[in-house]
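What follows is a structure written as structure tokens; I'll ask about it next.
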Amino acid sequence: AEGALEGQTILIGNIAPMTGVIANYGTAVDNGIRLAASEINASGGILGGTVVISTKDNQFTPAEAINGFNALLSEGAVAIIGAIASSVTSAITGPANDEGIVLITATSTADSITTEDDYVFRACFKDSFQGRMCASYAASQGWTKAAILYAKGDAYSSGLRDSFVAAAPDYGIEVVEEQSTSDTMAVDFSSQLATIAASGAEVLFAPYYYDTVGPKIIPQAREAGYLGAIIGADGFDGTQDVAVGDLTAYENVYFTNHYSPEDPSEVVQNFIAAYTEAYGAESLNALAALAYDAMYMVAQAIETAGSLDHDAIRDAMAGMHYVGVTGDMTLDETGTPDKSVAILTFVEEDGKLVQKFVTSQH
Amino acid sequence: MTEFLQQVIIGLRIGSVYALIALGYTMVYGIIRLINFAHGEFIMVGGYTLFFMIPVLMGFGLPAWTSVFAAIIICAAVGVLAELLAYRPVRKKGNRMTALITAIGVSLILQNLAQAIPFIGPNPKAITQDIFQSGRIDLFGVNTNWTSIFTIIIAAFVMVGLQLFIHKTKIGRAMRAVSENKAASTLMGINVNRTIVITFIIGAGLAAVGALMYCAQYRAVMTTMGSMLGLKAFVAAVLGGIGLIPGAMLGGMLIGLIEALVTAYISSSLANALVFVVLILVLLVKPAGIMGRNVGEKV
Amino acid sequence: MSERAIVLKTEKLGMMFGGLKAVNDFNIEILEGELVGLIGPNGSGKTTVFNMLTGLHIPFEGEIYLMGKRITGMKTHKIIEQGIARTFQNIRLFGEMSVLENVKTSFTKDVKYNLFDTMFRTPKYFQIEKDIEDKAMDCLRIVHLDDKAAFQAKSLPYGQQRKLEIARALATDMKLLLLDEPAAGMNPTETSELIACIYDIRKKFNITIFLIEHDMSLVMKICERIQVINFGNTIAHGFPNEIAHNPDVIEAYLGEEAVENA
Amino acid sequence: MLKIEDLVVSYGAIQALRGISLEVNEGEIVSLIGANGAGKTTTLHALTGLIPIKSGKVHYQKKNLRKVRAHEIVSLGLAHVPEGRQVFRRMTVIENLLMGAYSRTDRAEIAQNLTKVYKHFPRLEERAKQIAGTLSGGEQQMLAMGRAMMSAPKLIVMDEPSMGLSPILVKEVFNIIEDMHKEGITILLVEQNAKMALSVADRAYVLENGKISMSGKASELLDDEKVRQAYLGA
Amino acid sequence: MTDLRKKSLRGVITNVIMVALLIIVIYILSVSLSDNNYRLKLVPIIWHLCIFILLGTSLNLTMGFLGQLTLGHMGFMGIGAYTAALSSLALERAGLFIAKTAPPLQLIGVMLGCSLLGAIVAGIISLLMGIPALRMRGDYLAIVTLGFGLIIENVIANLPFAGGNGLAEGTASANLYQNGLGINSRLQAQYVYFPILLTIICVAFMFMYTTSKYGRAIKAIREDEIAANASGINATYYKILTFTISAFFAGLAGGLYAISTSSLTTGTFTFANSSIWNSTFIVVMVVLGGMGSLTGSIIAAIGMYMLNYEIKNGAWVAAMPQFLQSIFAFPMLIYAFVLTIVIMFKPFGLMGTYEFSLRRLLFRKSERAIGGEAK
């Protein structure tokens, strides 16, 4: 159906925390989506139709996400990419199903976000998978005594912790020490890390975000005398930009990620080049990559559907196969992609910290 | 035992940062009875000043910590501007509640303005340079670092200096007089407005020093870094006895210790809640804070 | 004398502030319908006595009996319910509220409607509200403030604020009225009006009055008995003319000239 | 020394002073009497800059006080003992007194003034370390007067200094006023105790509803039938 | 008939007229507006406004009328919301109730029941807190209530049954994804009268409360607690009663929130965050509206919510020059400026302590003749 949408505008909504404590994620995702959209438009649009992005700030609050969702709906959005944090996203999954509009989240990893037979999809993998991959990698390195440090009140952090704990016995890993903070905004982990250092753990699983990991957890861990491996999930992406002090502290740190910036494949390098050119390297991370993919996935679904009919787009979305920056993926029956995870580490190069690809796991 | 001492040192270190910030809160509160909600944002302003100035000053061959002087100047300027443009006009017309709302407004403006300014933006920025001498040291078998030691010493030093300033200098006494009765202070020949401006300069300056300590320790700045930090520091000030300089110091140290020990021995995720539980318990026994004298109202 | 009931009785009442003994061994018996004065130099502990009587300070030692009932250490509002009311040396009105509302608040404890009546505005609610409004107006009439009922309390001139305090105290329906320097800040003419007002109140309510005052023209004129304290200790008590010529009182409090004027 | 012409002050819509004029000459004691709410306090507040003046002239030693900022007035030698004492409640007695000397810099002079204050009010010396807020009413009044004396003023304006004082202290206050007068301090006195006020004063003004209704020699006013009726309770 | 009763009867009549008018207006809008505009815009706004009005007016009881600054009001809303969500979830798990298919009476019953339960739990907890907390005054009380708010938030996040999918499937976490009550926008539109009537009843109650002996007592305590005690008012009792009532209504607002939002996160009920859903903003709302004016709180709640809504969703924003648009991308910035400016010009709030009254407008003349109206 070449040119079936010729001359039409295709309104895609984006709901993200554009201001407030996690505004950095909001901007990264918005950039990723807009980059993809402008590429699509530059190459003739979707079936001739022009993609237009409308972004609604959800202020990291469920109620505002609902307002944004409703506003997008009445503006006539055909699909919505949305909400970063699982806690906020879950407030609009119900409405998306009720209204029958595709909602694809780039970054919400909570298991319960997607269910079978509905309008909700995602571009990232889910927590239970990522936590399991971390455990599996640890086991493959022969680390059997693990310590955990996580943010109890944060869905991302505690979700990963739950899945790591669940997977640990399967890989013969013993959790010898568990410490927590109430949220991810904590700045001082010395107390917890001192206890962990004394526990004799060989690996520390610390599912936090890079702004905490880079300047705080890793240096504080080394300072507290913990010299073992530190492993985390996609939240570690970006740590290299906020590393401080002695960079040798960042050795022996591993994390799972959606893609590796080192990946020589054309999509990845093209994305990195285009993103850096448009928005600079500062906000370039896996979230941006996922959002970029999410936009392309929506585009692919519309193209397959050949129309802007909501149900047709949903049907095209279900079970879709897609090759993008964050890998080669197939959406499973719930709408979560089945794809491989990259294990990355940090090394010092010319006095700067950079990510290095270690292995890929499935 | 070593582990316990280790936790105590950690507590003191966290506590001294709180204490330094609490001093600024206490100063402003003490004089104009205003919970300056924007104080946390002053710290943020100080943090970003450090972030930008450290590379510049190090380029001139100066040590990194000298950037604190730039931070003090910028913070003081922001504090004075807030006072002149927002607090003073409102204070003239309104009541204390109005002033509180203005403080909330100023806090929101500063925080969001920082996010809106392109070269600051929402992304956290790391301070990659060491602000003080780096490295760990061994103190009677307890493992700590120079930054901690400097932080504790500087906090103590600032407190003593401030205490002397308030009680021994003329400006200090004027501040206390203004804090009690503005009209009577005017009759004594005190320039009330100038005294309040000076208070803001000192308070904001202390926020800059607090920012230095924070950055030396935690190595990153972010537009929202001041909120929780400021809140805890304010709690510290109340715990010790608001308006009292040694009270702020004691309160800060206590909050730090409670946090470290609760984290180590009770439950790390409940540490925040337990800090407040302790605060409430203390206030029940000593309604004016630990060092506060409960001057009953003369009927 | 013995026929009249003892309204207030204190035994060895004492109060400490830090190391300072503000009131010491304070004993007094006030009979029903009496008008007793408490005088003494500034800082001698007069207001402190009142504060203990009304539960604002818990006595350091000693006992207080109202109509034979021990009220030592009771909460203020309980004591008020027992039948003591007071005014304050530094006027403490509800400044933002209207004059009428100031008086109405004193009826709160006697108002027997509940949240249900409040919510549904039952006939009971209206009946009671009307009653207290009438009673409050009566109280205001006594102090000649009825025409100011709708004014904001803080907008009244000083002398009228003092009168409003008295009206508010009257409304608590008390047996014993404590007045702390009611004439302070009034000029002699206004003081005479106040005296007339106090006589009026006594006549209408048949109550007992215990008052603190520095204005000797008032004290000597209306008090039936006077107790004098200095440094918290009672140095004299008796009838006005005895007190006026008591050398200790003259030395500590009155000064020579005042005697000549009295 | 002090000359007020056509002073008008209002609080919002309420006009508290409706054009009053008065004069205080060097070395005089001048009394200002009037009923509650007549505007006496307002006059003094306007004088020392605590409230804005709507119109009129205020000259002190040839200086236009409207051009002087409130906190600079005390260093011109004009001290104000405010109504209701207004002591610094959480400071000690001695600190309060030292605040009174805020505009002075000469330490010896301050010490000398302090001795003088203590001589007039021995109670203050006894309670030097007590927190002022816990002083009794009378003690606070002494403190407020002592504090004003600490600035070594040339003209003191006093707002009801005898309010709430025991008879002996009232006498003492008036003695102090006379003492100050003898030391060459000029005094503008606002009082409810009209009898005492008129007996120490050289001249007096009667304020009624924001207007001067009478003025003249104090002794003459003391004998005036209208004044006696309205203010002396006779 | 007494004057008082006459006035009151007129009050009731005018209020009933106003409510009827409101309902007619909403009905007309529901018929005349497009589905998009009515169901997707107006209905959520109405639900949210009801929540904010309840929060604002109830906080005004403690802040404006009782004069006690409390900074943890949203904590009580959190308790209400979580209680309502979890209790309804229990019903759902027990197979007794499914929001989507429930018959109208059952749905209303569950919404009302669970919300009331939330309100009661909030009330009980506030009672337990109030007893020690209200011994504190002024800024100390403020900081203690702030503390209580954060403790509530922290404790909820640590409850093993209040996170994740809730109840037996729950884990300790700040997010509750499952909520038996959360109804979709169609049902919200269908039952839009539920929050409206509930709010009107609650506000009416608060109005009655503040104009009775209770109101007089708490205003007296606000003015001078010692003098209030000395007038025979049991200040402690009235303070705790008012604090509890205030928390009760906040809890009820929490119930409405749980109904209108299908997932909960403690971040909504905290002291400060980057949206208007936090305790700070309720305080701002009360001050801006006028402490001691329920009408003021209502106006401020509507004004502030709509301001935030319009900055983020208004079509006029998109029509502005690029430069302005990039500033409007920071709603809280605009918001804070507006707030600061309003407070500069209206330091005692929009309404002061004045209550709007249609009755006064309509019957002003005859009532002046009756007299007794405070000026």
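Residue numbering begins at 1 within each chain, and the chains themselves are lettered A, B, C, D and E in the order written.
As a convention for this text, a contact is a pair of C-beta atoms (placed from the backbone, for glycine too) under 8 Å apart; a residue touches a chain by one contact, two chains touch by 3 or more.
Not measured: the values here are computed from a predicted model.
Trainee: Which neighbours does subunit B have in common with subunit C?
Mentor: Correct list: D, E.
Trainee: Stepping chain to touching chain, what's the minimum from subunit C to subunit D?
Mentor: The fewest steps needed to get from subunit C to subunit D is 1.
Trainee: Let me spell it out: compute each chain's centre from its C-alpha atoms, then which one is farthest from subunit D's centre?
Mentor: With centres defined by C-alpha atoms, farthest from subunit D sits A.
Trainee: Starting from the Cα centroid of subunit B, hunt down the chain whose centroid lies farthest away.
Mentor: C
Trainee: Would you kindly tell me how far, in whole Å, the mean C-alpha position of subunit C lies from that of subunit A?
Mentor: Here subunit A and subunit C have centroids separated by 73 Å.
Trainee: Based only on mean CA positions, could you tell me how far subunit C sits from subunit E in angstrom?
Mentor: Distance between chain centres: 43 Å.
Trainee: Between subunit D and subunit E, what is the gap in Å from one C-alpha centre to the other?
Mentor: 52
Trainee: How many angstrom lie between the CA centroids of subunit A and subunit B, rounded to a whole number?
Mentor: 36
Trainee: Which subunit D residues reach two or more other chains?
Mentor: Within subunit D, the residues that touch at least two other chains are 134-135.
Trainee: Which parts of subunit C, given as residue numbers and ranges, touch two or more other chains?
Mentor: 47, 56, 88-90, 92 - these are the residues of subunit C that touch more than one other chain.
Trainee: Which residues of subunit B are in contact with two or more other chains?
Mentor: 112, 115, 224, 267, 269-270, 272-273, 297, 299
Trainee: If you look only at subunit C, which of its residues touch subunit D in the complex?
Mentor: Residues of subunit C touching subunit D: 17, 39-44, 47, 89-90, 157-160, 181, 184-192, 214, 216-217, 252-255, 257-258.
Trainee: Mind listing the subunit C positions that touch subunit E in their complex?
Mentor: It is residues 54-56, 75-77, 80-81, 85-86, 88, 92-98, 100-102, 104-109, 111, 113, 115, 118-119, 121, 125-126, 129-130, 133, 149-151, 168-169, 171-172 of subunit C that touch subunit E.
Trainee: In the complex formed with subunit E, which residues of subunit A make contact?
Mentor: Subunit A reaches subunit E through residues 17-21, 23, 56-57, 59-64, 66-68, 70-71, 73-74, 86-88, 90-91, 93-95, 98-99, 110, 112, 152-155, 158-159, 162, 182-183.
Trainee: Sort out for me which residues of subunit A touch subunit B in the complex.
Mentor: It is residues 19-21, 23-24, 26-27, 151-153, 179-182, 185, 187-188, 190-192, 194-195, 198, 211, 214-216, 219, 223-225, 241-246, 282-283 of subunit A that touch subunit B.
Trainee: Show me the residue ranges of subunit D that touch subunit B in the complex, using the header's touch definition.
Mentor: Counting only subunit D, the residues touching subunit B are 48-50, 69-75, 79-80, 82, 86-91, 95, 98-100, 102-103, 131, 133-135, 147, 151.
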